[in-house]
Every structure is written in C-alpha cells, then in structure tokens.
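Supplied in structure tokens, the structure appears directly below.
The first chain written gets the first letter, and so on, giving A, B, C, D and E; residue counts start at 1 in each chain.
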Amino acid sequence: MHQLAPKRSRKAGLPPGTPVHLGERKSETTRLTLLHYSEQRAVEQEFKTVSECLALRDTPGISWINITGLHEVERLAQFGSAFGLHPLVLEDILNTDQRPKLEDYGEYLYIVIKRLGNNTPTNEISTEQISLILGHNLVISFQESDSGVFSAIKERILDNRGRIRRLGADYLVYALMDTVVDNYFAIFEKLGERIESLQETIITRPTPASLRTLHALKRELLFLRKSVWPLREVVSGLQRGDSTLVHKDTWFYFRDVYDHTIHVIDTIETYRDMLASMMDIYLSSLSIRLNEVMKVLTVIATIFMPLTFIAGLYGMNFHNMPELGWRWGYPLVLLVMAAIAGGMLVFFRRKKWF
Amino acid sequence: MHQLAPKRSRKAGLPPGTPVHLGERKSETTRLTLLHYSEQRAVEQEFKTVSECLALRDTPGISWINITGLHEVERLAQFGSAFGLHPLVLEDILNTDQRPKLEDYGEYLYIVIKRLGNNTPTNEISTEQISLILGHNLVISFQESDSGVFSAIKERILDNRGRIRRLGADYLVYALMDTVVDNYFAIFEKLGERIESLQETIITRPTPASLRTLHALKRELLFLRKSVWPLREVVSGLQRGDSTLVHKDTWFYFRDVYDHTIHVIDTIETYRDMLASMMDIYLSSLSIRLNEVMKVLTVIATIFMPLTFIAGLYGMNFHNMPELGWRWGYPLVLLVMAAIAGGMLVFFRRKKWF
Amino acid sequence: MHQLAPKRSRKAGLPPGTPVHLGERKSETTRLTLLHYSEQRAVEQEFKTVSECLALRDTPGISWINITGLHEVERLAQFGSAFGLHPLVLEDILNTDQRPKLEDYGEYLYIVIKRLGNNTPTNEISTEQISLILGHNLVISFQESDSGVFSAIKERILDNRGRIRRLGADYLVYALMDTVVDNYFAIFEKLGERIESLQETIITRPTPASLRTLHALKRELLFLRKSVWPLREVVSGLQRGDSTLVHKDTWFYFRDVYDHTIHVIDTIETYRDMLASMMDIYLSSLSIRLNEVMKVLTVIATIFMPLTFIAGLYGMNFHNMPELGWRWGYPLVLLVMAAIAGGMLVFFRRKKWF
Amino acid sequence: MHQLAPKRSRKAGLPPGTPVHLGERKSETTRLTLLHYSEQRAVEQEFKTVSECLALRDTPGISWINITGLHEVERLAQFGSAFGLHPLVLEDILNTDQRPKLEDYGEYLYIVIKRLGNNTPTNEISTEQISLILGHNLVISFQESDSGVFSAIKERILDNRGRIRRLGADYLVYALMDTVVDNYFAIFEKLGERIESLQETIITRPTPASLRTLHALKRELLFLRKSVWPLREVVSGLQRGDSTLVHKDTWFYFRDVYDHTIHVIDTIETYRDMLASMMDIYLSSLSIRLNEVMKVLTVIATIFMPLTFIAGLYGMNFHNMPELGWRWGYPLVLLVMAAIAGGMLVFFRRKKWF
Amino acid sequence: MHQLAPKRSRKAGLPPGTPVHLGERKSETTRLTLLHYSEQRAVEQEFKTVSECLALRDTPGISWINITGLHEVERLAQFGSAFGLHPLVLEDILNTDQRPKLEDYGEYLYIVIKRLGNNTPTNEISTEQISLILGHNLVISFQESDSGVFSAIKERILDNRGRIRRLGADYLVYALMDTVVDNYFAIFEKLGERIESLQETIITRPTPASLRTLHALKRELLFLRKSVWPLREVVSGLQRGDSTLVHKDTWFYFRDVYDHTIHVIDTIETYRDMLASMMDIYLSSLSIRLNEVMKVLTVIATIFMPLTFIAGLYGMNFHNMPELGWRWGYPLVLLVMAAIAGGMLVFFRRKKWF
C-alpha cells in the first residue's frame, strides 16, 4: 500500500543540500548513458567516469545523458558538481518523494515528474520519480530504475524518425514528458475498468469486501492525484515560455502535453465523483437489506403471534370453558386461525411487502 | 454507458503528431464539401482530391470546407499538410476524445467543441466531436458523422438569408458554434424532464430501481459536464478578441454564445444539486419505511405477548390453582385480555404510531 | 413549480438575432409610455407609433421609455431598429429566461435584471425579466407585465421629489435597479419566515410532509440563487465605472446597490446552510424515533419471553413433575415471575431506556 | 434568536438616501460628545446643537465626535448635512443591519463594524452596529447604545497614556477598531467553552437535547460569521493604504488588526469543522445505541424461543407421548433447556455481543 | 487537548503595543545568547544586559541573538527598544498564539513560525512559537523554551561546516526555518502511523473507542493545519524576494522550504481525506453489524414461531381433537416440525443470510 507521508526523518539534522538517497533502491547499478545527436548523426555511448562525459559534451549537437539508479550517491554528487547543478537540485533528485515541479535556475531548468506503472500481480499502481535537467543543448534525465520507458525515443533519435533530430533540446524534453504522460492513459484505463467492475458488484450484490475495495481505490486515487495534479503547473510553466531555454516552436508541443494533463486530471476527478457516489449506493443498499430482513421478521411475527395466542387460549385449564366441549370447536378454531393468517397475508401483499 | 477514461493506449509509443483515428467509426465514407461564398454569390461543391479544393480557394470570398467521417487517415493527413495544419492539430482532430478547447496557431485558430445528441431508444445522450479551423477567409469543419447539424446554416448561406453572407469567416464560425450550443438546450430540456419524473417517483414510491436511475443520471451529468464546462473558456477566449482573425463586430456574437454556455453550465449545476438532494430524500425514505415496519412489529408484539403469557399462565398444570375452578374464571380472563389489548391500542394511538 | 432548464427548443434552427418571444405571455397588450423630464419640467405620454416617440426624443432632457408586454414581436422589432438596438439585444429582451447581465454596446448599456414577486395563494416566488437600456439621456425599460413596480419612481419624477430630476439618465437606471433590489428584501423576509416555521416543525414533530416542504424550499432557493447571484457582477460592473455613460457621482449609488446585492446573496447562502442543517436534524430525528420504537419492543419482549417460558414449563404434561403437586407451587411461580419482571424493569430503568 | 434576513420592508418605496432608523431602539436618548485633543491638551464636552460642534471643529487638533443612540433621525440628518456626509452614508448609519464595510468618499472614509456582546442570562451573542467616519483630523463614531466600549480609549486620551495623543485621526480609528476586535476574542473564548462542553456531552451521553444545542450553536456561528468575515476586507483595505487619510505609520497598526481578524475567522472555521464532526459523532452514537438495543432483544429472543418451543412440545396433549411417562423425563428436559441456554450464551459471548 | 480559541481576554482594555506574555510559561529563565560569526571566525557568548549585546553588534560579521523563555517581559521590552523593534512586534513575540506570518517593517522582517513537538507519553503533538527577526547582518530568534532545535545549526556555524559561514544573515534564517520544517516530516510520519493503525482497527473490528480516536485525530489535524497552512504564505513571501534583506542567491533555498511546506500541506489534506473516508467506513460497519444482528433474530424467530404455534395447537384442550388419539400423531407432528425448520434453513441459506 502507498505510504501516506514522506519518510524524511533519516535526513533530519543534516545541513541543507547534503545528498542523501531517500526512497527504495529500485535498480542494481547506476548506469550513465550519453546520446549525442545532431541533424546529421547520432551516437550512443555508455560511460563510467564524468570526465569522458564532459569531453563529448563540447562537440556541437545535443547531448542527452540518461542516468538510471540513484543509490550511488558519491558518483552522482561528483557528476552534479561537474555539470554545475545546485546542491538543492541534487538533493531533490535523490529524494524520490518530490512532488512534480519546475524550477528555473537560470542556466538550466529542473523538472520533476512521476512515471506510473502497473504492478501486474497485485494490480496496484507504482510510481517512480523522473528528474529532467534542460540546459543549453543538454538534457539530463535521472530515473530510479531502468524501466525502458524512454527506449522508443532513443530509437526514434538513432533511426532519425519524426522531427526529433531536427529540433532542439527542449523538444527532447517535450518528447520525454509526453511519453510519460501518454503512459498515464493506459494506467487510468485499467483503473477505470476496476472501478466499473466494482460498481457492477456494488449495485448487484454488495458485500463488506466491496467496501474495502472501494476504500482501497479511493486511497489509490488520492495517491495518484498527488502525482498528477502538480504536473499541471509544471507544464503550464513550460508552455508559457518564461525561460529562453524553451523555444517558441516548442510551445505548441507543451500546450499539447498540458492538454493531456488536464484530461488526466479530469479523469481523476470523475473517478472520485464515481467512488463517492458508489459509497452512497453501498450505504443505501445496506438500508434496503435491513428493510427486507425486518419485513420478513414482521410478517412472520404478525402472522404467528395471534395464532399462538389463540392456541394458548384453548390450552388453558379452566374447568368451565364451554367451547372445549363443542363438537365443531376444534375445526372452528382452525378455520378462524386460517382466516387470520390469510387476512394478514392479504394485508401485507397490499402494502407490497413481498 | 459512457466510458469513463479516454482510451488512448492504442497510440502509446508513437511519435507525437502521428495521425491515428481514435474513437468509434461513425460514418461510412469521408466526404469533403466546399461552400464558397461572397456577398454576391454562393456555390457548393463536393470534391475528391485536395488539389481541386486548393484551386477554388484562391478566388475571393469565404471558403467553408466541411469534412464528415474521420477514419480515412491518409487522405486527411494529405489534406492537413496542404492547408498547413500543424501535425498536433491533425492528431487532435482524429482523436475524438478531446476536451473542448481553443488553440491559437497564429495563422489560424483551432477550436474543438462537442455536439450532443439524443439516442432516442435508450434515452442516452451521445456526443460527437466537431473540430473547427478558422483561417483567413477560410473555415474548415471536421465532423465524425454527417449528422446534418449544419444544414440550416448551409441553406441560410445559399439562400442568402440573414446577415451571414455579408459578414466574415469569423461570423461563420460563430454561426456553427451557436447552432451546436443552441442544440444543448433541447438536450437539457429532455434531461430535465427525466430528472423531474424521477423526483416524482422518489418522493411518492421509491424503489431500488430509482436508486439505479439516480446513479445513471448522475453519471450522465458528470459526462456532460466534461463536454460543456471547458466550452466556457473557449468562447470566452474568442470573445476577448485576442486574435486578429476575430473582428470586433463579431465579439458581440461570441458574447452571446458565452452567455448561452453559462446558462447551460448553470443548468448542469442545478441538476447536480437536484440529484444530490434526491439522494438524501431516497435515503430518508428508506429510514421512514424501516420505522413503519418496526412500528407494525412492535404494536403486534406488544399486544400479543402479554396475552399469550396470560393464556400460558392458566395452561399450567398445578394441582392447586383456585382460579381454574371459579365459575366466571374463563370470561374474567377474556375480559382482562381485552382490557390489556384495548389499553395498548389506545397507548399507541396516542403516540401516533398508526 | 419552477422549470429547471430554459425552454428554448422553439428557437432551434432560426438564424441568430431573430426576434422570437420565449416565455409566458403575462400581459394583454404592449404599452409604450414616454416620460420626458428635465430639472424644470416633466411630461408623461403614452404613444402608439415609434415615430411619435423619436420626435419627442430630440428635445433636451432625459427620456424614459417604459414598455410593458413583450408578445407584439413585430412592433418591438420596429422599435428596436428605430433606436439602433443590436439584433442580439432585441432577441435577449424577448427571451425571458436570461440570466441577469450587463453588456456594453458602446453607445448604450444593456442590463437584464429579475423582479421577484410573491404569488400569495401558493406562497411561491415568481420571477419577471426586466431589461434596461441606458443610452445618452435615454433610458428604455422593458417589462413582461405592467406590475406597477416603477410607479413610485414615476411619481417622484412628476412631483419632483428627491434628487432624481437634477441627476442624469444613469441615476434613473440606478433608481430602477434599486427599487427592484429593495423589493428582494421583502421576498426574502417572507421566505425566511417559512424556513423558520419549517425548522420549528422539524425540531418538534417531523413528518414526511416536512421533508417534502424542505425539498421544495431547497429547490426554490436554488432557483432564486440563479436570479440573484449574477446580479453581483452586473452591479459591480456599473460601479467600477468602465462606461462613460455612468458618471462618477452615480458610482456611490451603484455601490449602494452592490452592497444590497451582497446582502441578499449572504442571506441566500445562510438559508442554504440552514436547510442543509435541517436535513441533518430530520434524518437524526428518524433515527431517534427508530431507537424509541425498538426500545419499546425490546422491553416488552425481554419481560414477557421469560415469563411465557416459565408458564410453558409448568404447562408440560410430564407425569412426574413434583412442583405441580406442591401446595404453594402456583403462588411461588407467580412470585418468581413478578420478581423477574420487576428485575427487568429495574435493569432497563437504570439503562435509562424509559 | 437571531433573525435570518434583514427586515427592510419598512423602507420599500422611499427614495434612496431617505434617512429611516431600521433596527431596535437600544438607547433612550441620542447623546453627542466631542473629545478635542492635540499633543498638548484634551477636552471633552457634551453638546446639544450642531453649530456648537462646528465652532469647536476649527481649532487645531483632532476632533472625535461620539454619538450614541440612533433613533432621533431628524437631528442626525441635520448633523450629517452639517458635516457633509453623503445621504447614502446617513441612510446606512441608521440602518443597523449593514455588513461590515469600508467606503471611500474621497474626503472621508466610511467604516461599518459590528460589536459583539454577551447577553449573560441566555448566553446568546448580541450584535451592535458601529459606524466610523474618518475625515481630516476628524473621527465620528455612531453607536446604537452607550455600551461604554470606547471608555478606555477616552481615558487614555484624557490621561495622555500611550501614543494616542501624538498620532493622528487614523490612529484613533485604529484604536477604536482594535478595541472592538479584541473584544471578539473574549466572546469566542466563551463560545469555545460552550462547544467543548457540548462535545463532552455528545461523546459521553448524547440526548435529543444535545442535537438542539448543536443546531443552535451552528446557527449562532452562521450569524457571527456574517458579522466577522467581511471585516477582513475592511481592514485589508485600510492596511493597503489606498486612501491618503491613512498614514504610512498607521499601516502597521491596521496590519495588526488584520492579523487579529484572520485569527478570529480561523477560529470560526475551526468551530464549524468541530460542529460538523460532532454531528457525525451524534449520528453514529444513535446507530451504536440501536445496535445495543437490538443485541439485547436478539439475545433474549434467541435464548427463550427454543426453550418455549420445547416447553410447548411437552405441553401437547397427544395420548401417545412416551417421554411424558419416563421417570427422569422432566429433569432431562430441564437439562436440555439449560444446555441450550448455556450454549447460546457462550455463542454470543464469543461474538462479543455482551 | 489543544485549546480551540486563543485566550486573549487577559489583554482586553490595554493600549495596543503593551507587552504582555500570553501563553504557558515553558522555561524557567530567560537566556540570551549571542553567536557572532564571519567567514573567518565565530564566537558564542551568553550575556545578561542589553548593552553588552549592543557593543558586540558593531563588529563586522553576522550576529545571531537567540533568546529562550519569554516570561521576563520587562527585560525583553528593554531589549526590543534597544534593537528598534516596533511595539507591535514585541507584543506579538510575547503572545504565543500567533499564526505563522511574515511582516516587513522596512529595516527588518518579522517572521513567526511554529515548531511542532511530540509529547511522547500522551502521543499528542505540542506546538511552540518561534519568532525570527531578520535585520541587516542580524538575526534574532525568540523561543518559548530551550528545546535545542537549533543546536545543530549552532554547531555547524562554530565548526564551519557547510556553506553557512560564507553566506549572509538571510541564509541563517533559511537554515533555522528549514530545520523547523524538516522536523515536521518526523511528526507527520508518526501521525501517519497512528492513522494507519486506526484504519486497520476500523476495518477489522470497529468499536466506539475507535470513533473517539478518530475524532481526536481529526481535531489534532485541524490544529496542525492552523499551524502549517499560513506558513505557505510566509515562505512564498520570502522566496518572491520583495525585501532587499533576502538576497537573490537565497531565493533558491527559500523555494526549497516552500516546496517542503507544500509537501506537508499535501500530507495534511491527504490525512483529512483518509479520516473522512474512515468515518464513512465506521458508519457503514455499524450498519453491517445491525444487519447481522437482525438476521440472527429473524432466522431464530422465523424458525421457532411456527413450531411453537404447532406445539400450542396440540396443547389445546378441545375434547374432540382426533389427531391426539392417533397412534403416530406425535411422531408425525415432530416430523412436520422438522420439515418446517429444515425448509426455513434452506430458504435462508439460499438468501445467503448465513
């Protein structure tokens, strides 16, 4: 289950800007890959030391450095200072419970977004932090694990498909963010199916288990909301074009991502409304059931109580009870009883109790 | 039933701007019609190839190109590039789960709106995406199917009725949007009648079926809301006159559409309040019923339990029970029983239980 | 009961700006009255043709043209074009389900407000649309019926009471609006009394009928809200002084109307809170009652079930039941029974069940 | 109880700006006191006619005119015109159901605030309107009754304590408002105690009476909210320094009042949340009680129904019932009954029903 | 338990700016410590009189004066005037129920924040007010008690670790605030654990005690919210850089604190949603239980009432009841009874009642 509050107590007392990896360790090793491309050519290369990386950087073209695995703190710290990242940025990259955000550090933009994934066995939605640095002709992406979410983009660059090699570093950032946001739709489709199926259950045969599922879904949505809502601000900031690092031509593209984000947020809100409404249905179904149970009880009691009373009446041992001696006394009493039972049944039928 | 989340997973992994038709296929063929008009004359013509279309475009006057059916992706892509539409615009035209929006691409405005329709047998409200391009002396409209919603405008142009031939392309866009929004009123009138009739049912004789109807209406409203709310922003953007493509004289007209949109949104909010209030009534009616059932049970039990006890008392087999030998014992007991039953009835009547 | 959605389907398919009267026909004839006044003199005159009216208009002073009854569409259309009203304005004047609004057409302002009335027999609140045109030295007011709401102002002008003859056309518009808004207070006073009386009922002796009344009041409030809320924007727009037709001296007066409007809106919100709180009380009173009913049942059952069992015990026909032969067996059993009943009563009394 | 809607119908039909006293008559006579002070000296004087007052006004220094009792409309109207007050201001001063507001009339500011008081016997909170006029070296305060709320300030001026005599008329207005707002804290402390005590009651032993108290508190809070919320805007307006009548040095002071106002508003919102949460607790406590009652009933019925049945079984009069003749039949049956009763008790104990 | 409303009545009637200590006395003595540092050196010194302090202040470098314990009003007043603090600032420092706020007094900024602490035995969260003054090369911090929250920073300065000695007074303020906000995470982690454990309880075995815990948590959250929400505004104000006392380089740092604050606020809102959802679960679990209780009762009653009736029937004393004489009468009746009981059980099993 998703943890509610960020666990940052490990960091308490350290000076600000101290790089500490907060979060699960999601990959074995830290890998650094450089993809250097211009309109003419594109090369990909994995490297071990930061100096290799810096060398390549000076050739003209766009450099995309992709880093997966965040636990080798030392190496990342070294990397960060080589590229002139602010200590606070490095701290935030390593601390994987950030909210999505956009921070302008003048020479570069720092962007945090969340990748959503589907843990197939438990059906639960997992989250992973992706940090992006957009500098001049430079994009650095930090991922918690090597999920392969960006491999399609990598191939598009290497195979020179689409517009990507002709456009700048800002377009690459767009492409990365677009991939992540497009991925949300699949996640929410599945979530929607789970909600639909729960709704079906709650309307037809609600059980306490459906209440627990409802509560779990609510909680999951609460959690997703925290990952998606702030994204709106992030993309809106990129689209407004406050920074010179984002060119005018790319604004349209970020506007498109903005549009998708709004779409996802809309979906979240719709789901929340649905779940709230399902809670109402669940509660009223409990009331309806109680009503039915009570009607059964009342019908039974109302029919048998008078009959039992009559039977008890003629079970009394008074010496002087003339009816007991009548020839047709017994059949007569049976007849009266049948009449009472029948009358009651007609009465309840009229009241539509069964 | 309306699908909750947009189904876009088919598109995952494709580069942005790839035209893919997402949505139901609602018409057999893709038809392109050109209506060319000036104050003096108006001609309508259907055409097959894009080049025919481009030829006509250069003659002075306003060109309205109407396209119905969106599944012939190739042809539309060709058309789009001939008219200089941005790849993202084309992608959005084909992807029919867009939210209503207005995007300014400098040379043209891209507008998405939703047409609502009433599926008469199931009484459900359907939705169709209409994309509008407003360029210089050019309007292009994309519809999912040939619903005939714009035929009245077409005739107004051909017959030269009203102001339409004297005014510009922006007025045509206004006329198209106004037609779509005016159509909402009819849809909401019918929806209002369904809500009124449900309310009648819930107040007089609520059943679990009314709860299901209530839930379905809530859901439908949630869905309509998503189609109408963003329209407010769209029309507000057109009315503010940020783009030079919309002339000052047309502002008044868009303000009128804005007014209608607000009206529709108001109605949606009123409906939502009504449905919420009806849920409360439904729940309280369940409580009232339970109260009534319990009162019946309690009255019956309270009357017959003491009587049955007395009968049981004189059914005991003690040898020494003097009352059993009394002459008037039996009638006396009957009298006592009648007194108890009568007293109980008076008591409950006073408490207004029946 | 108030209709929820505007009924505009009669207008579907007509070109925008076509004058059609939408709404009930509330008066027999359409009457046009001109009140022409300056600081020195004031004359009132009813007229038939528009040309008479135009003639008078050119004399110096302020002209107030008051029109009651909106169904003679032809005549009003003629009038509108003589005074240079935009076709959309005329359409809105005739379409009586407008929201309150202020529209600036440069040469004149178009204002829509709602007059509230009390239908005394049914106690329901009715609504009537009043359209005001504020031009240069010209005020035109359109009313659905001749309700006499403006007669006090008319007399004030003719008798030269107060400041009205010394001030301009904008002050007249203020006076008209102020009269309408002041009238709201009386309406809401009555509504408040109805709410107070319902609250009294719900706290002391709630019935299903009170639930229906509650629901009807909620609905009425929803409806009034739609008539009053947008007024805030209207008056705020006039007070800000965006238009040169409203002079600086009149701003203070419109600020006063603004203040009253806020006051009315406050009252509506308070009422809504009251009604929501009353719903809670109603529901909890149902629970309280159920509790009481169940306590009666439980007390009765708990006392008589053990007693009946004991009676049944000694009604068994075993040959060998020594107690039956005891001399004091019967009185002893009666004693035991009395002890049980008494014990139960003490127990329930301690639990404060009755 | 507080009236919900303002009662202004007495004023309907009068021209705007007509001074009419709306509200309770809270004091016997209208008293006018002038306190004239400069850094060197301070004199207090009660006066009867407006001309006396005007005479004094021209001497250098600050004049604070305090007026208590608002029913002598004639005299106040005369006073108002002597000091150049706008007719609308005079109307609002006399109409004591104004919302707190700040109006800038150029030469003077008009401020309305509400003094809260505690009616000790009924524990209800009363309200009184205080109007302040801040002119050049002039402060006029209008109170409904002579509550003595400003006497501490008066003494501070006469005794030359604190900064008050060195600072301007705006500081005096600050001091007056600060006194009124500081007074709110005491009122809300008492209200908080009432809420705490109610909460105690509702958690431990809820009764229908607590529901009524809860509702009354909710209503009282609704009413206080209307008196305090708009104050925020008022003080914020003064602190922003839009008017030249408020000097820069006094801004800090008004910021302090602003801070207090926010504090009070926070408290109101906290109380509202508390009361809403208490309603939930009340409702759930009703459910818990019902559950307990039903458990008692069920335990009793489940134990005695089988026992009574068995007793009834051996009370049947069949000739051929061998058990009846058994020697140990009766004790055996008693044993079986005890076993059943014991088994049931164990079962319910395990289910933790008692 | 946290007090709801601020207790300020002790101050009523005093002139504004009078220093009075409002709040608990949390420390024995008032201690003043000066930490004077520049890039080269740092000295710490405790001092008794204000003059000592002023002397040191003129040497170049940054002075951080830390004051713990606020009850020695006289001494603090003296201190305040020596450092040119506005009387209102001093008043607010001593009055420990301030909301977090930022006030710009030109020469210095006045900041109020709240330190949260965990009272380990009762698990309740305590709060302490920290006031910060940021002047030119001067920081003054006022704490209610000597909690040691800032000792890590003190050591960092004395040991010259991190950037702190190289940066200005604004960085010191940042460091102080960051420490306080970082501390929130630990507090909210613990609170989150308490909420999780309550949720576990409510889902599996809800008791009235869980309701009380839920209510207490809600209240605690309400209280924390008041301490944290306004902080957002405070940090946002510092980050915007309105004051020249905060340098551009420090903006990034304050933006980081802002980010943390938003994070904490998010967590609070998530907790609130969780608690609201848990209330729903609690209420529905009550309904479920009632349903179960009623089913038990109904099953028992429905089985035994008919049986008891039949037994009663053959317990009647009519002389002429042929069945009584039958040889197999008794076993037959037993068989019928078993059939009825079995049928009922099958019926309820099918309805899934047990």
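The rule is simple: a contact is a pair of C-beta atoms (placed from the backbone, for glycine too) under 8 Å apart; a residue touches a chain by one contact, two chains touch by 3 or more.
On a predicted model such as this, the values are computed, not experimentally measured, just so you know.
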Centroid distance [mean C-alpha coordinates] between chain D and chain B, Å: 42
Whole-Å gap separating chain A and chain B, where each centre is the average of the chain's CA atoms: 26
Residue numbers of chain E (touch at least two other chains): 283, 287, 290, 294, 297, 301, 305, 308, 312, 315-317, 321
Overall pattern in which the protein chains touch one another (line/ring/star/complete/other): ring
Sequence of touching chains round the ring, chain C onward through chain D: C, D, E, A, B
Sites on chain D touched by chain C in the complex: 3-9, 11-13, 15-18, 86, 88, 92, 97-99, 101, 103, 105, 208, 211-212, 215, 218-219, 222, 226, 279, 282-283, 286-287, 289-290, 293-294, 296-297, 300-301, 304-305, 307-308, 311-312, 314-317, 321, 323-327, 329-330, 333
For the chain D and chain E complex, residues of the former touching the latter: 152, 156, 161-164, 174-175, 178, 182-183, 185-186, 188-189, 191-192, 195-196, 203, 252-253, 255-256, 259, 262-263, 266-267, 270-271, 273-274, 277, 280-281, 283-285, 287-288, 290-291, 294-295, 297-298, 301-302, 305-306, 308-309, 312-313, 315-321, 353
